[in-house]
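Could you have a look at this structure, given as structure tokens, before my questions?
Residue numbering begins at 1 within each chain, and the chains themselves are lettered A, B, C and D in the order written.
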Amino acid sequence: MDAINWHSCFFLLFAAIACGFAVAVVVVGDIVRMACCLVVSLAAVAGLFFLAEAEFLGAAQLMVYVGGTMVLLIFGVMLTARGPFVSMKTGGGQWVLAIVIGVALFAVLLQAATSTSAWNGPKANDQAAVPAANNSPLPQAGEGPGVRAVEGDSQDAAGQLGLGLLGVREDRLRRQDKPVLLGGMSGYLLVFEIISVHLVVVLVGAAYLARARRRGRNPESRSPLPDPRSPKPESP
Amino acid sequence: MQAERAQSDTVEFDVRTDEMLINMGPQHPSTHGVLRVVLRTDGEVVSEVTPHIGYLHRSAEKIAEKLTVRQYLPYTDRLDYLAAMNMNLGWALTVEKLLGRRVSEKTRHLRVIIAELNRIASHLVAAGCFGLDLGSFTPFMWTFREREKIVDLFEEICGARLTYSYLLPGGVTAGPPDGWFGRCEAFLDQFDPVIDELHALLTSNAIFIKRTADVGVLPPEMAIDYGCTGPVLRASGVDWDLRRDGEPICTEMYDGYTWQVIAPTGGRYPDDHPYPPVPPEAVVGDSWHRFFVRMLEVVQSMYLIRQGIEKYSADDGELDKPIKIKEKLPKGEAYLETEAPKGQMGFMIVGDGSAVPWRVRIRSSSFCNISPLPELCRGVLIADMPAILASLDIVLGEIDR
Amino acid sequence: MNIFTEPVGLSHFLVVGAVLFVCGIICMATKRNVLGVLMGIELVLNGANLNFVAFGSSVLRPPGTDGIGMDGQMIALFVIVLAAAEAAVALAIALSYYHAHATVDVDRGVELRG
Amino acid sequence: MAELLISISIPDWLAHTIAALVQCGLLLAIALCSAAVGIWLERKVSARIQDRLGPTRVGGKFGWLQPPADGLKLICKEDIIPAAADHILFRIAPYVCFCATFCVFLALPFANGWVAVELNAGAFFLLAVAGLEIFGVILGGYASGSKWSLYGAMREAAQVVSYEIPLGLCVVVVVILTGTMNLVEIGNQQAGWFFNWHIFHDPFTFVVFWVYVTCAVASSNRAPFDLPEAESELVAGFLTEYSGFRWVFFFMGEYASMFVVSGLGALLFLGGWNGPIPIASLLGLTPDGGDVFGWIGNLLGMCNFIAKAFAGMTFMIWLRWTLPRLRIDQVITTCLKYCVPIVSAMLAGVMLWSFFLPGGLILHVRSRYVAQPPSAVQSRAESSITAEGGCATRNTMDIR
């Protein structure tokens, strides 16, 4: 019984949690419990990111998704709760239809995922033990001829991502021999700018959409209670 | 006028949530006893406040029709249990007014000393509970440490620590033990720095000012309309204190004493008091001024006590003895209001010739002081409600009687 | 091929991504609460994200084959950020929907007016 | 650790699990001890402020055993779950709260290299996990089923979420200064005398430190920002329905987060394990002087770090027992109208400062790294921190 592959064990653990709670989100009726199951599922996905050597991304997922978006949803649930957290039931027919479509879609995806051999991952025999947690040694400085696999230094993913955002595609720099193409290695600077402007517009729009309804225009917006004993003479 | 102002600056509310009816009390820690306040809130903003009282009603006035005037004294202690001496004094003065008697100079000076000592104790409790309601626990501990010393002094005189039954109609049961005045002066001397500490801790504290300045503003006309009295009235800029402007029987007690009524008339306090200046945000009549008026009254009371001790020891007369247990009351009625720490306490006695009064009516100062609460708390945040309540300094024993 | 001893490959990640994706679709289809639909969308986005990261990571592929490298993580980062913005707008719409219909039941939104 | 166990022929997977359990146990011990000492410290310091003695009876003259006594008492208390409560959520809320704070201990370094998991994006991970604590509170508030606890929970969620932004920005400022998010690296760069600390690095960071203190106090819900447990209005906020052992977890969560936040502040601004006077390097207790000396040097560093963390906690306790509480809208306005603008301005300031004047406030002669073609990564990886007499070589990365 050769050595346990820790990487796979943790993968199975996080995958089980992610899928289990994703199914729980679908099954559970009460909206708040649904939100909690979703939170755990997203946290498990963040774990999967850590396992796939995307450390910075895992932390980003934890912070933005689980910390931000889910709190937003929980606030939404609390603000729109009507009475004792009513849970709306859907008819049986819709469930059956949805599940049939779901299973069909899943079968297609499963077939696609497992059929291509290239994706079946490194075989145990033709490769040294998968680096579970240790950081691979620093890339040798020597310039290999032509394209060769760069061992992404997971230790420095955040640095690479940051540089990528600023336009320097560091991981591609060393592998491109022809200087003329070096110019083409532009990173994501333009995309980064567009998205930041887009975010500002979106959030201002969201704030405007949910603005106060109290004043004027909306007829049925309730103004604060008429003061029964207000000193104004005209009150009966 | 107040309603419009409150309505216009109600916090612009983002999302229309359901209005919540929330019950604060009767066992709520910040309602000074058994007061139940029903809040109608829209999110954080309080749109309607309705206080419910009566949980501490013991029909004190009905019992008075069964007891003679001297036997009823312990009941007056239980009205405002934080200032029992002042309640006794009010009852005693009313009986003396009914009987048409006056007490000797020495007794008068002793009454001034003890009444002012109890005023300091009551104001200390008010300051401590105010700090507690705003969230800082330390002033509560400091004020109660000082109050313990005053209560020790009272224990030496009459044996009790909260409900004293000492100032009887006609005189006092027994004079203070020797050396009592020395200890009294020792307490006053060490009390000065404590006042400065309290000012540093609360009055000039930025967060305290932010929480109390311009909160629960009670304009003078509304204060008078609702019949508020005492520090609540004076903080709204009405210069009215029964010890100086009251009936002759009250003002005679303070003859020969030099002191000042504390009220921000025209936005300024009487003399250039040595304590922290009034912050710019504070509006006359807000919670901050109510707190500040009490703190300055404590200083005035200290002057009065010192003068009282000098006059008492200079006078070589005799302390009067109280009236007989079964003293006959003349046919007729007498009503007198005296300046208690929380406001004007009114006692009305209707005598029908026998020793037992035919009817007794008590006008409570806290009852009137709490009546503007719904007006003050309209459009205010939930966190301000206890702050305003604490600034009014009410005692439920007195309200429910 | 005992899963515990074999190193995990790309297809395993893809399967998990598919499960999340399908759960999201079913959730969006069956939930009548606006916020339930929103949560379905979150699941779908996460499924997609997982695939991006799986393709981009160097560990999951046999050494020598060249995946999409850092682009996977980059796109996943953008998806996360945009999903947050999308959730904000969706919540704003849900709140105004709640204002108009006084309920969050999706089936009530049948009129095109207002 | 695991190799040690394998060597005595324990099967491989068992060895790894035991090693992992030992490490977790150690971390849990640190978290609980910091909470317990925090409780004792709070009682003693608040007593001194209020002219009283604090616990003196339990365990010797200074009441050392008061925290365990409290814990025992709370464990024996009856565990009440209100009828209207949502049972499952009610039960898991305290554990979510405590785990969020406990996770931070994973990445918090106590000395050079003494850290459970040395993450490359350590600072970022801390911020992400700190955001999870809100769930425990919201679940607790919602699950208790009462209006008052829901109010408390919503207030706390609004407060912590809004204070996460300036807190994050403060951490970003330090990350810009040091060029790395690896907490151990941040600590090491402040080696040497106290003027090497980041707080004295430049005027902007000094201001950012005080904004960090405000946000730290607010995000761990300590006075004067302790709205959720505002006794006077909401009785005890979301904690009203909790009693006995569950309440202990919330309580531990709060004190552990106090320790964590002041620890992080010490690490980012006050030099972490580097004391004002670099005793360890003066006495030659540095790692290159041999294993044992290195270990002792680290031990000194750890004491330094814990002392600073407890100094931070004492400051928070001192704030709590002197200042009254702020109203909810004042809390949020201080965050959005004061903290965020100030930190953003300082962020811009620090960026300009570190671009033009990469040296410390006391301008040491700094040897800037000449950028080697073409890969900037290599220059950064090979630069090493040599502390010769306090002149730290700063490894600024040149971005062409």
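In this section, contacts are C-beta pairs under 8 Å (C-beta built on N, C-alpha and C of every residue); 3 or more make two chains touch, one makes a residue touch a chain.
All of these numbers come straight from a predicted model, not from anything done at the bench.
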item	value
Chain pair with more C-beta contacts, A-C versus A-D	A-C
Far-end chain from subunit A, centres as C-alpha averages	B
Approximate Å spacing (C-alpha centroids) for the pair subunit A, subunit D	26
Centre distance in Å when subunit B and subunit C are each reduced to the mean of their C-alpha atoms	65
Subunit C and subunit D: spacing of chain centres that average the CA atoms, whole Å	32
Between subunit C and subunit A, distance of the C-alpha-averaged centres to the nearest whole Å	7
Subunit B, residues touching no fewer than two other chains	15-16
Where subunit C touches two or more other chains, by residue	95, 99
Residues of subunit A touching at least two other chains	3-4, 56, 60, 68, 75, 79, 154, 157, 210, 213
In the complex with subunit A, residue positions of subunit D that touch it	12-13, 16, 86, 88-89, 119-121, 124-125, 127-129, 131-132, 134-135, 138-139, 142, 150, 154, 157, 161, 164, 181, 374-378, 380-381, 399
Complex contacts: residues of subunit B adjacent to subunit D	11, 20, 22, 24, 28-30, 44, 131-138, 141-142, 145, 201-202, 205, 207-208, 210-211, 381-386
Partner subunit A, residues of subunit C touching it in the complex	3-16, 18-27, 29-36, 38-40, 42-43, 46, 49-50, 53-54, 56-66, 69-70, 72-74, 76-78, 80-89, 91-96, 98-99, 102-105
Interfacial residue positions of subunit A with respect to subunit C in the complex	1-5, 7-9, 11-12, 15, 18-19, 22-23, 25-26, 31, 34-35, 38, 41-42, 45, 48-49, 51-54, 56-57, 60-61, 64-65, 68-69, 72-73, 75-77, 79-80, 82, 87-90, 94-95, 97-99, 101-103, 105-106, 109-110, 112-114, 116, 118-124, 126-127, 130-131, 147, 149-152, 154, 157, 160-161, 164-165, 169, 171-172, 188, 191, 195, 198-199, 202-203, 205-207, 209-210, 213, 218
Touching residues (chain side subunit A, partner subunit D) in the complex	3-4, 6, 30, 32-33, 36, 39, 43, 55-56, 59-60, 62-63, 66-68, 70-71, 74-75, 78, 138, 141, 153-159, 163, 166, 168, 170, 173-174
